[in-house]
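Written out below as structure tokens is the structure these notes cover.
For reference, chains read A, B, C, D, E, F, G and H in written order, and residue numbers begin at 1 within each chain.
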Amino acid sequence: MVDLGFAKVDVDRETRQGLPEVVYGSGKTATQIIEIVHTLLRHNSGPVLATRVDDETARSVLAAVPDGAYDNAARLLVWRPAPSTGFGVVVAAAGTADLPVAREAAAVAAAVGIDVTTVTDIGVAGLHRLLAEQDRLRSADTVIVIAGMEGALASAIGGLVACPVVAVPTSTGYGAALAGITALLAMHASCAAGITVVNIDSGFGAAMAAFRLARIAGRRT
Amino acid sequence: MVDLGFAKVDVDRETRQGLPEVVYGSGKTATQIIEIVHTLLRHNSGPVLATRVDDETARSVLAAVPDGAYDNAARLLVWRPAPSTGFGVVVAAAGTADLPVAREAAAVAAAVGIDVTTVTDIGVAGLHRLLAEQDRLRSADTVIVIAGMEGALASAIGGLVACPVVAVPTSTGYGAALAGITALLAMHASCAAGITVVNIDSGFGAAMAAFRLARIAGRRT
Amino acid sequence: MVDLGFAKVDVDRETRQGLPEVVYGSGKTATQIIEIVHTLLRHNSGPVLATRVDDETARSVLAAVPDGAYDNAARLLVWRPAPSTGFGVVVAAAGTADLPVAREAAAVAAAVGIDVTTVTDIGVAGLHRLLAEQDRLRSADTVIVIAGMEGALASAIGGLVACPVVAVPTSTGYGAALAGITALLAMHASCAAGITVVNIDSGFGAAMAAFRLARIAGRRT
Amino acid sequence: MVDLGFAKVDVDRETRQGLPEVVYGSGKTATQIIEIVHTLLRHNSGPVLATRVDDETARSVLAAVPDGAYDNAARLLVWRPAPSTGFGVVVAAAGTADLPVAREAAAVAAAVGIDVTTVTDIGVAGLHRLLAEQDRLRSADTVIVIAGMEGALASAIGGLVACPVVAVPTSTGYGAALAGITALLAMHASCAAGITVVNIDSGFGAAMAAFRLARIAGRRT
Amino acid sequence: MVDLGFAKVDVDRETRQGLPEVVYGSGKTATQIIEIVHTLLRHNSGPVLATRVDDETARSVLAAVPDGAYDNAARLLVWRPAPSTGFGVVVAAAGTADLPVAREAAAVAAAVGIDVTTVTDIGVAGLHRLLAEQDRLRSADTVIVIAGMEGALASAIGGLVACPVVAVPTSTGYGAALAGITALLAMHASCAAGITVVNIDSGFGAAMAAFRLARIAGRRT
Amino acid sequence: MVDLGFAKVDVDRETRQGLPEVVYGSGKTATQIIEIVHTLLRHNSGPVLATRVDDETARSVLAAVPDGAYDNAARLLVWRPAPSTGFGVVVAAAGTADLPVAREAAAVAAAVGIDVTTVTDIGVAGLHRLLAEQDRLRSADTVIVIAGMEGALASAIGGLVACPVVAVPTSTGYGAALAGITALLAMHASCAAGITVVNIDSGFGAAMAAFRLARIAGRRT
Amino acid sequence: MVDLGFAKVDVDRETRQGLPEVVYGSGKTATQIIEIVHTLLRHNSGPVLATRVDDETARSVLAAVPDGAYDNAARLLVWRPAPSTGFGVVVAAAGTADLPVAREAAAVAAAVGIDVTTVTDIGVAGLHRLLAEQDRLRSADTVIVIAGMEGALASAIGGLVACPVVAVPTSTGYGAALAGITALLAMHASCAAGITVVNIDSGFGAAMAAFRLARIAGRRT
Amino acid sequence: MVDLGFAKVDVDRETRQGLPEVVYGSGKTATQIIEIVHTLLRHNSGPVLATRVDDETARSVLAAVPDGAYDNAARLLVWRPAPSTGFGVVVAAAGTADLPVAREAAAVAAAVGIDVTTVTDIGVAGLHRLLAEQDRLRSADTVIVIAGMEGALASAIGGLVACPVVAVPTSTGYGAALAGITALLAMHASCAAGITVVNIDSGFGAAMAAFRLARIAGRRT
């Protein structure tokens, strides 16, 4: 462990646990992110990510820590992205309002070596659009479903595919959508067996769940 | 108005407003129901209903007030059911747990002159079953959707048909289903335009909404 | 279906389902709206709407897509409004704070061919004002009730008229009004039979519900 | 103060504060109620009440403490009821399901010297029934409104009369009624100025609020 | 009734119901307030109030409608304040954070003819300060209790005085205070009999409740 | 599809989707379960399960449908259990009160071919007990965490292992535990990356999630 | 650790952590409690407690494990109670409905060596009764406040004493009391500095908090 | 008591109750704080604190009231800090996002004479980091646990140490974290016996709870 004063950096986690190193950027200054990322890059050899980083901060960090890449839509900084594991995930977003979360999920998953395909505008109010993507969904090793007002999509996809389905409720919608709480509860009350759920708007959480799946699938190969 | 002491019976409502006479049976004794039904039958000429009546009470009431019929599954007593208006409603229930509410909706609707078809087991976790009923749903003048853990069904059907869709959340499910609150909120947050919602478990409310639709459709013919 | 990259445009919905084409403007750039509206106008022949569009965006869109009209109070853009269907809706708003939602309901309804009359300031705390509008309410084919702190209005009107009543809870009021949740729940708990409810502040949803009613009433004529 | 071991009996409250002595019977044994009532009767001269007492307990208590009366519908025991103060309260109940709470309010109020008139079945879904009672409501010194699913009644009556209005939400209704929480919130969000609210099902609380009003009105005479 | 287009002004309410004329200023332009106030002053003879009016709007309105007064702390405009009715109210605020609401209550009450005394900093965490005000509280015809995090004050005062107690929960406090919801619920769950409650932060509502009390006390004199 | 009147039996799901056939027993009669199970056994060749079946019903069903086994602690009936897939799951229960849910998870998982080890009494209030199980947890292909008042266990285990973690909140605990809602929310708010959550008390849901994982891991081998 | 099959018994906790051994009796059979208590008595030398044990179970356990004592009001079994530590706690209960929780707190505290005094009927609606106990409260080393509808008591006592105050919200009351949630939130929103709160109805939790205090006070002597 | 017009200053509290004098700065002007602090410094001899004071206000106050110190991270002003009592508290923060609250707790505690050690980044998702601090935690007289999304830390530390544990839920996290409500409820539902909880983000409240503990521990020495 390296103690930077404002944070302890867990430089052994990669070895110990096998998960990638991630800095939660929200609320941290560029200087703090730079220092943590430097420490992580020096002590490990795998991918290093910083999530929820805005444009301006990203520019400052990239200037100070070379060889990184910034995905503006996903608000993600990545150094040393992992090579492909061959594990294929489809990120399925119900509507355009769910896209920012879908992009975070897709970018984080790609950075840790997952092959990602994104499908959008397939809410259950347009079943023919959803069914048109059936083959693509069935070919996935895992489906990440991103849906807000249309929390229903997780249930519908859960009934179409037999692979793991990770649902991400989003805070889109208004009124009775209760900033994502309704979608979160609805996804849990769903009738499709074996769907699992992560926190509201947590594209990152879903990508990490997929990474855990990819890892175990890989271990068994 | 007739004052029975324990209740004022609104014997002019049929004339004044055109809605059928309904006694909410829950919490009333057989004697009270008998007295109210007698009064309504005497002062009006249309259908008279008593909802949420259990078996035993129903038997006592039928013994005292002739020419009534009891629908045990719907817990409904009916006298002088209305002739068919030709208005066709499909009652679509997501799962078998939603059937009691579906039956109340169907029986009340039938009693006020609506032609009812019931379709069950078409939750969105089994899209092929739902799509198999597409033509039947599209032929309806109105669809009443009954769904609990699978509140999503309202949204899916709303995207399949262009007629009015009345959604009834049910209190089935457990945990995150919150006794119907989750389905109620989810139906409101739905992305299919123009769906409307009634109270949890209120098959009666949906049937009366359908009756109001039938009446206006009839008026315009 | 036309894929614009950032959205799939469902150009067959008009034919397939008979509902008008609507772009949900909130969160979309002028450029995105322009592209979607162009596509819809080209592939269909009916009305095209864009809702929740602010002043500035509206001006940019109208400059690029000719023959549209902007209703500032309703924040609505309309191209090719439908001719009157003769179906008459009264939009009844409890108080002045409920007017923005009432205007969205009225403008959307008018754009899809409904004849709209708006009545305001008829909250149940002033019953004589409500009763003064009784005849107008009774002449409607459908009443859309817009009410916030005064969710009670839906119940009162539901008891006055026999036609369909669609209630829209609004997020007006403060404290115990809980940003519309109280009105939404209260409208569902109402004692007037057959009232239906749409999402908080969804004047658009109520108008689309009315359109579905108008369509079925028309089909049966 | 008299210490009975299981409770301290505040025998000076009558003198000190002028409010009647009340034993909350729920959860107390007949023996406990008997002992407390005996103590109160011995140390004071005004009315003594025991609320929420069931039939069987009431019989035991009355056998042991003479000169009491039991109101079965209100579940209330009274000794030494107060003479009339001439203060007139109308207890207005929205529907028959609200009657038990209305009866508690009426019986407690009568026991402390208030002249009570009860009006029922005047929910806002039947405005003509409500308006038919207008004169009676306007003649009251205070109106206690008892309403569950129809929390709206408080607002409507608040707009009809200028005297104090005390609203009691009831736990009747189902689903979105949330066991009285919806009515409680709706009554607070009401648009009629100057309505006040007591706890769910608390007919007792409303009667005591009326007693406080009667007392101050009397003091000023 | 006078129809101004954007609002119906109920110029007969004073006569009909005896309550003062009040314009809810929040969300209205200076021009709208001016027009409504003019209409009310012309058609009635009693006090006219506009609540929740900010500084700048107030200045514009006062410039256009002569003889009004603005209370900046209470955000209240008043024309033709009522003469004293001799009815005495104590406004008791738990802490300094509750003062803005206390001031609205006090200013509105004064404008409609009530004699107001304000007492502050008497939260139950400092009982000696509360008890030091006992005599003043007991001399009141009615006590209005303003309390946020300290919702407890209503209960404590309810036990000290026998006159009506109107409690106003405030949105002060943080975390578990839930923007006033906790205080509102706690005041209802209180053990002091006969306390009544108005909406969160509604100093206006409490003052109007006091006015209703004053009116009935006066009627009986 | 086979239509039994009271239910449609989806006899093609096994082929189509690869998931086992499961009858949700709660609320169904022995006769209904018998008929559905018969149909499923006849049309498919894989495992058939009936969940949430009580003792008495189980005896009736087993008498009518031979070769089934009943797990009383898990309330589960199984016919034709799947052979081992070699996929290893550890079911980790925080406390003894969480055991019924753990048993449902374990029994369902075993029936569909998963190798299950159960570990109990490892709540985070006893970290040494948790750490003593570290090796066993790390050897798992997936960990199912069952925890009620101690929702924290999911987060702690998520930090110990790199494999998929499926968390099941339970309705144990009282007061602030809110019948499982607190644990459900806490598990979602967890700081361990990549944990996923299923519905309250849904041991079945977690087992099916594990089955989906096992299936994809197997597919990739 | 001793593994009994149905539970792991942590026989080293006393040594390791210094807290007494406690069996949570709710949901355990007499046989299970007997086995765990036997194990704890054999491996440790300090007090052994079993909480939330009903009468009948207690009799069976006492018959099998000698030298225990059962406190029926507290539903507590105790073996080898600790000698007095001289640490004095006052358990202050707002009303009689809060007594069962107060008794659990008092009995558990006594069993672990704390000197307990119980004070009841001192809710803030009767300040003179509360103030009469001021000296007793001030003499305490710690005050445990038990209050339901009257959550305010914690705040009032927190302002009277300078010693630690542990508040226990209770599930007494009805309606807006929300089964203890209102009291729990209100105690947290309290304005008296330094009050701490435990779970609803957890007399046990408060006693254990007091034990932790007593221990540290003792350590420092 | 000194009445400043806008506030009553309780200059006797120090003597009467032994707690330090604290001004809640939020919402007060520099001028108001200056006046209150002056009064307190003049009438007492112990420490004087002002909490939740921003930079700019702090500068103005310090310019007017000499000999004070401002802790910018804790937003705290202190005059006449107390000498060390020798009572040692460890402030344990789960993550960096919890640091502002931890700093308020630490600074307030230090100002009233408590010896404070702060430990950070020990959330339960990294048990080895937590266990590395075990000795430090066990040496404390009291542990203050600051945790948001990771409410679990309180439970884990409660199982490691036998001294008092005061938990502070923080409003960090998003979605299901519900601005601290989830952590607050989870801390109450915890399975570690004797943990107590203060309001969300209330570092101040925890420090004052620790002061009460230090005082009683000191009294007994």
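We adopt the following convention: a contact is a pair of C-beta atoms (placed from the backbone, for glycine too) under 8 Å apart; a residue touches a chain by one contact, two chains touch by 3 or more.
What you are looking at is a predicted structure, and each value in this text was computed from that prediction instead of being measured.
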Give me the chains shared as neighbours by chain E and chain G. D, H
In this assembly, which chains make contact with chain A and also with chain F? B, H
Which one, A-B, A-H or A-F, has the same contacts as E-G for more than half of its contact pairs? A-B
Just grab the chain with the largest centre-to-centre distance to chain B, centres being mean Cα coordinates. H
From the mean C-alpha coordinate of chain D to that of chain G, what's the distance rounded to whole Å? 36
Please report how many Å separate the Cα centroid of chain C from that of chain D, as a whole number. 44
So how far apart, in whole Å, are chain G and chain H when each is placed at the average of its C-alpha atoms? 26
Of all residues in chain B, the ones touching two or more other chains: 126, 159-160, 175-177, 184, 188-189, 193, 199-200
Pairwise, the chains that touch are A-B, A-C, A-F, A-H, B-C, B-D, B-F, C-D, C-E, D-E, D-G, E-G, E-H, F-G, F-H, G-H
Contacts from chain B onto chain D in the complex sit at residues 1, 6-8, 10, 13, 16, 27-28, 169, 171, 180-181, 184, 199-202
How about chain B: which of its residues touch chain A in the complex? 94-95, 123-127, 130-131, 148-152, 155-156, 158-160, 173, 175-178, 182-186, 188-193
Going by the contact rule set out above, which residues of chain B touch chain F in the complex? 96-97, 99, 120-121, 126, 128-129, 132, 174-177
What does chain F use to touch chain A in their complex? 17-19, 22, 87, 141-142, 159-166, 184, 188-190, 193-200, 204-205, 207-213, 215-221
